[in-house]
Amino acid sequence: MLKTLAVVIAVIATLVGTITSTPAQKRGGVLKFAVPSVKPGLDPAHTSTGDGYMLTQAIFSNLTRIDDHLEPKPQLAKSWDANAQSTVWTFHLQQGVKFHNGRELTADDVVFSIERILDPKTASRGAKALGPIKKVVAKDRYTVIFELAGAYGDLPLQLGNTFARIVAKENVDKLNSQPIGTGPFKLKEYSPGNRVVLARNPDYFEKGLPYLDEVHQVFLKEYAAQVSAIGGGEIHVMYLVPVEIIGQLKKDANVQVLEVPSPSFQSIEMFMNQKPFNDPKVRLAVKLAADRKAMLEASTGGHGVLGNDTPVPSFSRWYNKALPQRERDVPKAKQLLAEAGFKNGLDVTLYTSTGRPGMEEAAVAFRESAKDAGIRVRLESVDITRLYSEFLRKPREFTMMQVNWFGRPTIDEMITPFMFTKSVWNFMEYSNPRVDALLTDALGMTEFDKRKRLYDETQKILHDEGPWLVAYFRNYLSAIRTNVRNYKLIPVQYVELRDVWLE
Amino acid sequence: MTLGAYVLRRLGLLVLTLLAISLLVSGIFQLLPGDAAEQILGAWAERSGATLTAMRARLGLDRPWHEQYLGWLAGAVRGDFGKSLAMDVPIAPLLAERLGYSLRLAIPALVLGVTISLVLGVVAATRRNGIIDHLITVVTLTGVSVPAFVLGSVLILVFAGWLRWLPSSSALAEGSGPGYWARILALPVATLTVESLAYITRTTRSSMIEVLKTPYVRTATLKGLPRRVVLVKHALRNGLLPTVTVVAFNFGWMLGGVVVVEQVFNYPGIGSLVLFAIEQRDLPLLQASMCVVAFAYCVANLAADVLYAVLNPRIRY
Amino acid sequence: MAVTIPRPAAIALPRARRWPAALVAGVAILGTFAIFAAVGPWIVPYDVEQFHRASALEAPSHAFWFGTDRYGRDVLSRVVVGSRSTLAMAAAGTLLGVTVGLVLGLGSGYVGGRPDEALMRIMDIVMSFPSLLLALLVVSVLGASAVNAVLSIAVVFVPRVARVVRSAVLGLRTAEFVEAAQVRGERGSWIVTREILPNLWPPIIVEACVRMSFAVLMSVSLSYLGLGAQPPTPDWGLMVAKERAFLVQAPWVVLFPAAAIVTLVIGVNVLGDGLREWLMARKTADE
């Protein structure tokens, strides 16, 4: 009797043990990663696409790391603090971090890397993306001090972005094709435009990481190849899944489609100083005439969220919830046009491109819906480079532009570069002193509630009279094989591989 | 003119052609909207253009056109084609690598295509206007008119997706040696072969038909010689002359003109490199790769003309 | 007694002769597509740009004979109306290329000497680019559109046609009737248009058919690379290129336009064969 009880207890204990123990991370394996487009170059100052960001994130490290909730976490900096006005920030570095060539990383390397990005001769668009940095100084071997031109609460977050990677001075000439960093992976093989092979860095400063032996990034452009490869296990992760093949992938039991809302969007933009869009009634008419659901469906196949004519998406904690979601209202649009002097409708040209997925499909849907309000849209599909270099920079009458914008992690970056008077990417020439004042004040604050009030008002103004029709935000979709563990989608399409493992 | 002198003259013209091509490409390029700096920066180039100016200075694009061209030319004659603006790597080794890939694709495809086409062409000519002839016509025409990317997609889905005999893309295969090459070349070679079948077959067929009608061949048949002897000893030698020209054309085409097949299979050949250079506005890379393609084309044509002259004494120069 | 110099027989239609089967087939196919191109929009069941969201990606059915695409547009209507874009692009490109090539080849071949050499060198240089790469370069400079695709196709064809015409002219330049005309004192341009040109029509027409099938295939390739006709135009190459992701899920979206392309190319080639046979037969009959 006692013997049976003992056996029963032992069995129960084993069962309980198996159920409650967490699966251990497996070391080893080669992760194959597919990207649908590539842009060559590994210099963090000049990378501009997801495939490049992914590689520099694996090869280099930053002071801070952006996690999947868009919060800064310690990486090369084990801690940081700021003075009361948030104008001077001090970062305390990890010790014993080695570059791939064996040399230890010190504060001088941080100073060099940041100054390099800020230097206009480097021609990096990151110069304006790190915040208002006046000076960066190495206080001692493991301490870096940032002196800012004004209060800026988001500095730790910005130092986690793709420009703020820490590079080695001696490597600068070969940075684009033979980079060395302090990241979890070293560059093993590089065939630009074709394939990249990364191998584990055995001296990585976070002990135990990375789990993977190697990471291969391959360029798979053709849909048939993408579907075959992930279905057959030739690749483990597909970075961006084209909407067309989602249906097929979902049918495969070994493939998981991951989806996360992201701040990327495709706006239809109107030149503020040109006829007819200099009249706010016309701009509003355009926004009311559009069938947002149809545009969302056309561009993303339903994998996105509706936009409310500002660059801030509804799932962002900064979103102005009091703002009602704009709905299609054709009679009101017609009335506004009549009031503006366009009783018989409006003829406009919309420049779009097939160069980015979903753009031209949404333009077609917009054209269909605008017809009902008397807005006759002529579509001009041009090469994406021409769209940006030629058409976007030349304001013209009766012309609209469709632009594809990547999401930004901070609220200030989402709005200021586009809407502040004469700002870097304010191609529509929008200028409102009230908005300028709101953005400037909010930038210097650190308290969430106070900042939110200012950004709420900004959103209301842009929603009513701004130059953009933002109909939708595109979700970020990836596909992974079910044996890939701990692969998290970061909404700004960064890829973190150091703690991913394969079963 | 002797054959040797003829070849030398053609080679001289070849050099002139290459010069003209690089000049032409460079000139056309100035008409292309946007440049490499704008490509790198994209929409993120600022309104004020400050970053753009700095980037142009970095890439050497702020020099006047003729200076850029002459600088490139001076390097090119020494074998140094400069650096690719978009990839930031030296061009010469990159070109050599891509050319190697293209040759590995073109040669098997050509050998396979020509062999099959010759057989089909001769068969079609000898059974002219019969069922087999019409069947061959329809099959080869279908082969060439099914768009290459459709055929390619179907092949990938069947052989890589369903049967799993071959990799889905050349970037996914591992290893080296003949086994590796056989695996990554199988599908692109198959697609290219199907594409080139129609024209070589039809050229062979029409010229064979012409030759078979000539008094020379008819006499041989009337003399009582067996069909096969007539065919091989008398008809083929002249009948295949136009085929030589078409084959040379095909070879040149396979080296540079098969961009679509290269894109579908992710095969890193020269055609894709040219497409990339155009998209990225990478002028040094475009000039160099266009010259290489043109060079290969001209050499192939020269070889065809020499072969033609050797086979057909009547048209010696 | 007066001696009459024999002149080439006047062109006359054969009466009781059987037309080659290839010619009939070619004309039938091309003719059908030409009819579609002309009256397509009026004979199709649906508007080509009409989205039927509720029936997206539906298999061929009673309502939609060829099925629908991802926006719910009727594939049958788009294929029929698509003949317009495809046929127009191919025909225009071919016509333009052949015309310019003809003029250049005629002039160069007849005049001969230095200008001929120079022109042929230039043609050689243009020909040393594979056609698609040259078309790519031209379209990139001019911008991606159907019109520019036509221009790039024409540019590619001109040197090839010029060469073919030139060799034919070189052959005819020494013919008896040409010499007779020169002896009579006829002007060069008269000789070219009245004596040489009529003898060139057969090879030119056949060459044009071959070129046209290349034109169709080139415009399809340009569409794949995003450089040909632009959305939302119904164009077969564009349809196949844009919808090829659905090859497994919804094959009808790709297969019907692809079948149209195949049929057109076969038709044009068969027409060329038929014409060659018919014209050769007519020639031998007149000799």
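Here the chain labels run A, B and C in written order, and each chain numbers its own residues starting at 1.
One rule holds for everything that comes next: a residue touches a chain if its C-beta (ideal position, glycine included) is under 8 Å from a C-beta of that chain, and two chains touch if they have at least 3 such contacts.
Quick caveat: nothing in here was measured; it's all calculated off a predicted structure.
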**Message:** Going by the touch criterion at the top, tell me which pair is linked by more C-beta contacts: A-B or A-C.
**Reply:** A-B
**Per-chain CA centroid nearest to the all-protein CA mean** = B
**Complete:** CA centroids of chain B and chain C: separation to the nearest Å works out as 22
**Request:** Give, as an integer number of Å, the spacing between the C-alpha centres of chain B and chain A.
**Result:** 40
**Fill in**
Note: chain C sits from chain A at a C-alpha centroid distance in Å of 47
**Request:** Identify all positions of chain B at which a residue touches two or more other chains, and write them in rising order.
**Result:** 33, 149, 153-154, 157, 263
**Complete:** For chain C, residue numbers touching 2 or more other chains are 140, 143, 244, 247-248
**Request:** Name the residues of chain A that each touch 2 or more other chains.
**Result:** 223-224, 227, 383, 386
**Item:** chain C-touching residues of chain B, taken from the complex the two chains share
**Value:** 13, 17, 20-21, 24-25, 28, 31-33, 137-138, 141-142, 144-150, 153-154, 157, 202, 252-253, 255-257, 259-260, 263, 271, 274-275, 278, 290, 293-294, 297-298, 301
**Fill in**
Residue set of chain B touching chain A in the complex reads 33-34, 38-48, 50-52, 54-55, 57-58, 86-89, 149, 152-154, 156-157, 160-161, 164, 167-169, 171-172, 263-266, 268, 272, 276, 279, 281
**Prompt:** Along chain C, where are the residues that touch chain B in the complex?
**Reply:** 121, 124-125, 128-133, 136-137, 140-141, 143, 213, 216-217, 220-221, 224-225, 237, 240-241, 244, 247-248, 254, 258, 261-262, 264-266, 269-270, 273
**Item:** Footprint of chain A on chain C - complex, ascending
**Value:** 49, 51, 53, 70-71, 140, 143-144, 226, 230-232, 244-249
**Complete:** The answer for chain A against chain B in the complex is residues 32, 39-41, 43, 46, 48, 120-125, 127-128, 176-177, 191-195, 218-229, 231-232, 234-235, 383, 385-386, 388-390, 392-393, 403-405, 422-427
